[in-house]
Amino acid sequence: MAIRYLTAGESHGPALCGIIDGMPAGIKVCEEDFTTLMKKRQGGYGRGKRCQTEPEKVEVLSGIIGGKTTGSPISLLIRNADYANHKHYMHPFDEPSPEGEIPIPLPGHADFAGAIKYGLDNCRIIRERASARETAIRTALSVPARNMLHTKNVTSVCLIESIGGAEGKVNYSLPESEIKKMVDKNGDLFLTMDSEIINVWKSLIDEAKKNNNSLGGTGCVIFYGLPIGLGSHVQADKRLDSIIAAAVMSIPAIKGFEIGYAKALSEKRENSTDGIKFDSEKNVFSRTSNFAGGIEGGMTNGQPLVLRFHMKPLPANSRSESVNLKTLQPAFPEAYRSDVCAIQAACIVVESVVYLALANEITD
Amino acid sequence: MAIRYLTAGESHGPALCGIIDGMPAGIKVCEEDFTTLMKKRQGGYGRGKRCQTEPEKVEVLSGIIGGKTTGSPISLLIRNADYANHKHYMHPFDEPSPEGEIPIPLPGHADFAGAIKYGLDNCRIIRERASARETAIRTALSVPARNMLHTKNVTSVCLIESIGGAEGKVNYSLPESEIKKMVDKNGDLFLTMDSEIINVWKSLIDEAKKNNNSLGGTGCVIFYGLPIGLGSHVQADKRLDSIIAAAVMSIPAIKGFEIGYAKALSEKRENSTDGIKFDSEKNVFSRTSNFAGGIEGGMTNGQPLVLRFHMKPLPANSRSESVNLKTLQPAFPEAYRSDVCAIQAACIVVESVVYLALANEITD
Amino acid sequence: MAIRYLTAGESHGPALCGIIDGMPAGIKVCEEDFTTLMKKRQGGYGRGKRCQTEPEKVEVLSGIIGGKTTGSPISLLIRNADYANHKHYMHPFDEPSPEGEIPIPLPGHADFAGAIKYGLDNCRIIRERASARETAIRTALSVPARNMLHTKNVTSVCLIESIGGAEGKVNYSLPESEIKKMVDKNGDLFLTMDSEIINVWKSLIDEAKKNNNSLGGTGCVIFYGLPIGLGSHVQADKRLDSIIAAAVMSIPAIKGFEIGYAKALSEKRENSTDGIKFDSEKNVFSRTSNFAGGIEGGMTNGQPLVLRFHMKPLPANSRSESVNLKTLQPAFPEAYRSDVCAIQAACIVVESVVYLALANEITD
Amino acid sequence: MAIRYLTAGESHGPALCGIIDGMPAGIKVCEEDFTTLMKKRQGGYGRGKRCQTEPEKVEVLSGIIGGKTTGSPISLLIRNADYANHKHYMHPFDEPSPEGEIPIPLPGHADFAGAIKYGLDNCRIIRERASARETAIRTALSVPARNMLHTKNVTSVCLIESIGGAEGKVNYSLPESEIKKMVDKNGDLFLTMDSEIINVWKSLIDEAKKNNNSLGGTGCVIFYGLPIGLGSHVQADKRLDSIIAAAVMSIPAIKGFEIGYAKALSEKRENSTDGIKFDSEKNVFSRTSNFAGGIEGGMTNGQPLVLRFHMKPLPANSRSESVNLKTLQPAFPEAYRSDVCAIQAACIVVESVVYLALANEITD
């Protein structure tokens, strides 16, 4: 049992809270690490109002003293500013005002399945916990894991490959530093290597917003500098591809996951494996390609670890018909203000949960 | 802690062994259930010699008495017939003969990463455990889970969508019974709804075999009759899509996973959610589509659960260059006899591990 | 995976924090439930100043809305009032002032083992987390579990059997209500059935305090109304005696654990089992005795569950010699103000962790 | 997730089976290691016929090749010779003959609680799994863990402290080698330091046997050479005393557990902590006593780890009244042939499960 964590918190409740147990002692963490990362998660073109208005201030309650992890559980607290506006039906003990009730499940959200599961005719408590707001605290929890891995020369870059079916150009054979430079250049609007796609994506999002629609997309995170042999082939649940898939697929709205270009690889009729070379002067092994996306036999193989994920359009503005669970009559859900496109935030969250998973492998 | 299992066994060792703990008592299991399923896993066009020669006889050591599970741990044993031919380097205690050594890692397999991880110049023990042969015992372990779910009217169908990039026609809007009928008709060669693709796939496999190449593909498993609310939105590792992704991605050679058509969904610019209807006469809810592939908010939503996976070509015949770990000189791995295409077996294994995951949700 | 929880927090850090995941929805919880229980844990004769000065105010951050659990993770926060006095070396980011350093490990505490484990010459961060203060948040986390079990007619009584070797009279064959009445009568000073022992214990504690010594003791918790069959015989880690032992032995200063009167039972030369009777009119089974303490084969057997534990004297006032880890010279640790006797608090904490364990069995 | 294991198998079923996952590679294991340990577990005065007749032959199915662990899961198989005599009601698939039914629960065994839990009027399948025979496979699983710890200079001695209330003399302050010598001298009959108690224990057992009674006792296991800092104070379930208590209390018939002399320590009125000294020449720390039994703050402290446990008399010969679950009429259970006293076997099993727990701490 190395690193494990739990998160808690409703989207409009008093706070988000997270505890991570098992982080090693002595990892340097400063307050800026949290503020910078939380700011990054708020960014990207097409985000909703809520994510801008929340201060996302992370309070460290334990486990970090004098700017260093202690080896004791780290607990983090993020107050929800918006709780003030929802207190009358989100208070722990006060009788909730009916005003907060959500009798009409929003298709695409957890509302319907959750209400049936719990036998409710009010989707409020389901939606509050199912909300992607939870990923804010998971992101914050990744900070010590990120710092630990950085000290081991593990770095990463994340970017958007496509939005609403419009693909940006990528070239992962370029050196990491160059990819980073290109991505950062466009980062305020979109994390992308392709400056030309930006206006396409902007107009797609503007149009979707106009139509009360939203857009999904495909994102990619690449990890550099991982040691060979993280994960294991000896038991199904120790395979790194399985562990990372679980982490990524636990993020709301992500419906698909690939190591490298899995679909393309599944279609190859020519050689599809990565040759092994040894450089006797540098005394290092290298590979002739990276079809495997950095994982062979459930273990890192020393190549860049390439993860790709497919995110559905957020349901927040769903115009699908629904049913009022109190009257069982047809009804349309209240469309609520939310992100038109959250793929950029998703990139940061995917990167975060994978850092947490990798930290666990390294300390395991 | 509901259902958990461990498997053990090397590909050419004495036996494969599995223990599953937490299966409820009273589930009917007969010997045929094992033989039928193991036979299914051996089938499909393009399999290698090994999988035909192994008897795959499953011995029940515990947990099932008089044709019913007892609630005690179920342990299963599958002897490897081929052990007889490898005993001189696979015996638990006897000094291994050097004949068994594998100094040249096979690109695409666990050989290289495993050898480096353990500091070996012989890939034998890595490949023995990393081999997909392990999935035989996981398949056997799924029998009681399958039977339990069948008594709850959960059924499934699995089929191949494409091989080597050649797509077979599918139509998942047809009733389950019809899909099953179509798939069974072609099942000896390929599990597919499309009779016309069969010859295409046959010739692709024949050609690949001729060229010492192998082929991957895309498979799909659909589960019918699942209750609403399996899995949960309350904690990341309880989301059913995360749990199932972990199970599927733990199968060797599977590099990608989708709930429904994730990639297509990520590209949608129109409404992408499934409307909710209520039939007051039948007193049931229904949905207007199944873009979500049966999961919303990490929970089953009462729709068919549609899982798709992308499998890479098996590396067994890899012609990529490699390195002799003893001499560190360039070398070519011994290509070994294996499946040219194992996508059909993968469908059965995916179905098996998901039955295990679903059984756990139902008993949890 | 039913109920699981993590706690975090240093004794003099900003706060204690706990998250419990898996509690069912719909359990009634009111603010008083927390205040009453936390007050009980602070009570008992011979406690130190700290435990009286901490307000022990529990803030619910999530998982409880309108006085009912939601099924989502419950997170609780207890601010440490005393943090104000230790901020200069306990702040998450500020450089710690040397004033906070503890170079001399206190024998009996985690100081020495922890310092060596982490390679420190300052025991501060070890003692901060190892402190029994952590049990305050575990106690708070037990509130929903307690309420859930009470609705299932599970109740409990806890009491002190002996302090410093002086045994109070007990009679567990009396009806629960009577035991409760007797124990409550003396509860402000000592939870005991024996009014005559009170003055003996008082004077023992007064004397220990005078000598800067402290006292341990033996406590007992009895659970009534548990259904038959909690826990399981099928796997070692599912046996309820094992699960409860782990919970109780995880409490600082508790060194021994018994189901019923284990030591006495181990010495019996006559019949040592509990006869089984069936009352055909009431249609219930009963037992002729309770040597087993309520557990047979790792499962509850319908009898009162009797747990006993042995607590060592707290080391806080330890007068044992030690070593200064910076100079490696002999030195005496700073004795610090703490409880002279904490057996009464331990009874509440033991009761709490066992409620958590039992809740897990019932929901599992 | 370091070391974890599952066991399976009924007492009179085809076999016992165990899988252990997470053992490091390269640990030397030979066939004799298994035979010697299994023989030890069968020994001691007062054992029943069954334990002498079972060959207890351990077959290694995987995870050990050429006398070394491979890092892959180790699976072990022990066939039950006695299965031949019980096949007609223990076969996995054949209809069980009524002959095997056990309608009258044996007080003290799992029969009653298990039958009620599962709604049975036949205790057969409960007793088959609840039987202490399961500990044979747990003992076998400990072999690689034992060998790994021995290479790290961790050793142990186990002995009986008392049987049926008759205490043997012990002196744990003697050097390990001397304790071992004394214990081995008497080992065929009883593992004890006290030659004079042997005849007392013999006659107690002979008399118990004559009266169809059985005897419990107290055992002790001491581990030497453990590094400082195994276990942790940071989270409740990481405390070594909690982990070890869970392991020991999971063994059938063990009802009490102590680290060191917990009860005696709880009664101390004088200093009860172990002074710390530093020897600047040898550059080592030492302690002035071992009241803590080797654990402070949930971690090993470099002192011998002293574990004591209290075992109840086995119920096999129970003469307590019971009820026929089919007729609900009063009835007496069939007393069955079993051990009169199994405390010596318990010592070996306790030692085994603690080796497994310690191995996990060292690899974690």
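Which chain is which? They are A, B, C and D, in the order written, and residues in each are numbered from 1.
As a working rule, contacts are C-beta pairs under 8 Å (C-beta built on N, C-alpha and C of every residue); 3 or more make two chains touch, one makes a residue touch a chain.
In this text the structure is predicted, and so the values were computed from the model without any measurement.
Here the repeat of B-D among C-D, B-C or A-C is A-C, since over half of its contact pairs match by residue number. The chain pair with more C-beta contacts between its two chains, of A-D and A-B, is A-B. Inter-chain spacing, taken between the CA centroids of chain A and chain C, is 38 Å. Chain A and chain B have centres, each the mean of its CA atoms, that are 27 Å apart.
If each chain is reduced to the centroid of its CA atoms, chain A and chain D end up 46 Å from each other. In chain C, the positions touching at least two other chains are 6-7, 21, 71-73, 118, 129, 234-235, 237. Those residues of chain C that touch chain A in the shared complex are 4-10, 13-19, 21, 25, 30-31, 59-67, 70-75, 77, 89-96, 118, 125, 128-129.
Contact residues of chain B toward chain C in the complex are 1-2, 21, 71-73, 234-235, 237-238, 364.
Residues 6-7, 105-114, 116-118, 126, 129-130, 134, 138, 162, 164-165, 204, 208, 213, 215-218, 228-229, 232-237, 239, 241-252, 255-260, 262-263, 265-278, 280, 285, 287-288, 291-293, 296-302, 310-313, 315, 318-323, 328, 330, 353 of chain B are the ones that touch chain A when the two sit in their complex.
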